[in-house]
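Pasting the structures in now, so scroll down.
In the two assemblies presented below, chain A is common to both, partnered first by chain B and then by chain C.
What follows is the complex of A and B.
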């Protein structure tokens, strides 16, 4: 299976972390470009910054829709289009983890939960230098977290 | 088995402008919403459906440097050269949505009408059900001379046949 991108949104609806793995025909995954630094200047049609806003809008609307229909304890797990699959996991503190993969992938709820428990909590929440809120991704973009996320996605998934 | 319609909670039909034109509940299982909320839901879903199509990941493809193009355009980021993950399959918006309690199947016709079918997560053969509903819609709604296009569906024959088919579905 292929992972296309991964987003974390905090409870203020801000994207605090995003990462894209674009499968390039010639290079390996290790050479994937983390879009953290060079964004901002709208390069082409739509920057990845706008993409994350669209992703947030989608999962936010769908989550509210699902809660209205299925009750407060219902949660949406994933959705599928003809091209990709979006997986969603929300923590009790309203931090949202979103992952876009190809269609062949199984349910990634456990994987997202693992990312939260084993990576986010360990390397971001427990980091004494990291603030409690992460405006603009402060505290999330530390080396340990990024490295282990990379490891997790490449090896485990 | 007598109650073979178990599994299908409700059906919503949205016209191509995002307006709710049909809503019917077949079986309890989901919370009831007010008519207004259903209209909001239809409109919201219409928008979300369009967004999910536009956030499709684009995979940059390496294009061979062609001598015909001038050099400034080749050095610029090749914005146009990308492919979709499933080339050959048309890009659609949300098709299936899975939650803990239900499964939503969205079928969009060529003219943009959307059929939203809410089923139990374990119901199989959802595509067949949606196809049959589309067939019934074509037969009893579109062929009804009194039906005004894009307007709410009020066709007794459609209601009757839909209910009967879902009840008798083997």
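What follows is the complex of A and C.
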């Protein structure tokens, strides 16, 4: 399976980490707005900044809708389009982990949880020098975290 | 969640997943910090309380993530659940026992003591409760300064209020916590009053353009 990209959003809706593994093939340019008509693929060149905002918007609305329908404790795990699969994990502190993979991948919920527990908490939260809040989207700037994430994605997944 | 289940979770995590550190090390370290603060603020105990609370707040915000990662609990549906969770799981295994981890943002530590406070004195609207500490490792060997004021003004373990406030803020609950009695002052019990201010709404992304 292939992992396309990975995002972390903090409780202030700020994208604090994003990582893309593959250069985006043109066919998935329209990925985060596949609900809209996917006409004119690649017509606009969006920056990765816009990407993360779109991903957040999608995930945020979907989550709220799911909670309205299924109760406060409900949450969606992933959704699939014809081009990609989006996996979602949210902690009780409202930190959101999002991973985009190809269609063949199994559920990544456990993997995202592992990333939270073993990588994010260990290397980012427990790092005394890294800020707890990220105003202005400074984000996770932590080599240890990035390296381990890289390894995790390459080896484990 | 039933309180039996929560205390079991707490016990389990405490036994298997928490790195332990000598409790006296914690007590002495914490004592030193308070003593230093008293010195820095020229024994202005109100300021010391405030500073301790602030330190705790910064600790709590990080501690909660570790707590969630270890315990794997979901969102607490209501404030009552939360109280139970704090007392049985939180304080037992996670929030309070043999200190571990250095978190130098403001102060420099994270605490996990092994204490199970009792949750009581609920108000009828379920928005306030008290935590009664039978034992408090932070206060072992402690005698408050004998200057006639510390007995009335200093809340020695005030850092715990801050930890609680920081941790709960991260899970969308704004609370206010303060001590109402302390055995160090000669009271019968050590009691912390916790009141829910409000649930924090999800933040929306900033409007585009």
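Just so we're on the same page, the second predicted complex is superposed on the first by the 131 of 157 C-alpha atoms of A that agree within 3 Å, B and C clash if a C-alpha of one lies under 4 Å from a C-alpha of the other, contacts with A are read in each partner's own complex, and residues count from 1 in each chain.
Following the convention adopted for this analysis, contacts are C-beta pairs under 8 Å (C-beta built on N, C-alpha and C of every residue); 3 or more make two chains touch, one makes a residue touch a chain.
All of these numbers come straight from a predicted model, not from anything done at the bench.
A.B. asks: Using the superposition on chain A, tell me whether chain B and chain C clash or fit.
C.D. replies: In the superposition, chain B and chain C stay clear of each other.
A.B. asks: State whether A:80 touches chain B only (first), chain C only (second), both chains, or neither.
C.D. replies: First partner only, chain B.
A.B. asks: Between chain C and chain B, which one touches more residues of chain A when both complexes sit on the common chain A?
C.D. replies: In the superposed model, B touches more residues of chain A.
A.B. asks: Identify the partner contact of A:140: answer first if only chain B is touched, second if only chain C is, both if each is, neither if none is.
C.D. replies: In the superposition, A:140 touches no partner, neither chain B nor chain C.
A.B. asks: Would you check which partner chain A:65 touches, where first means chain B only, second means chain C only, and both and neither mean what they say?
C.D. replies: first
A.B. asks: So, A:51: does it touch chain B (first), chain C (second), both, or neither?
C.D. replies: first
A.B. asks: So, does A:13 touch the first partner chain B, the second partner chain C, both, or neither?
C.D. replies: Second partner only, chain C.
A.B. asks: Now for A:119: first (chain B), second (chain C), both, or neither, which partner does it touch?
C.D. replies: neither
A.B. asks: Looking at chain B versus chain C in the superposed three-chain picture, what is their shortest Cα distance in Å?
C.D. replies: Chain B and chain C, overlaid via chain A, are at closest 13 Å apart by C-alpha.
A.B. asks: Which residues would you name on chain A as touching chain B in one complex and chain C in the other?
C.D. replies: Touching chain B and chain C on chain A: residues 57, 73.
A.B. asks: Spell out the part of chain B that touches chain A in their complex, as residue ranges.
C.D. replies: That would be residues 30-31, 33, 37, 41, 44-45, 47-48, 51-57, 59-62, 77, 79, 84-86, 89-102, 118 of chain B.
A.B. asks: Touching chain A in the complex: which residues of chain C?
C.D. replies: 58, 61-62, 64-66, 68-69, 73-77, 101-105, 108, 170-172, 202-206, 208
A.B. asks: Within their complex, state which residues of chain A touch chain B.
C.D. replies: Per the stated touch rule, the residues are 2, 4-5, 22-26, 43-45, 51, 54-55, 57-58, 61-62, 65-66, 68-71, 73-84, 86, 100, 102-103.
A.B. asks: For the complex, give me every residue of chain A touching chain C.
C.D. replies: 11-13, 53, 56-57, 60, 64, 72-73, 91-95, 116-117, 120-121, 125-126, 128-129, 131-132
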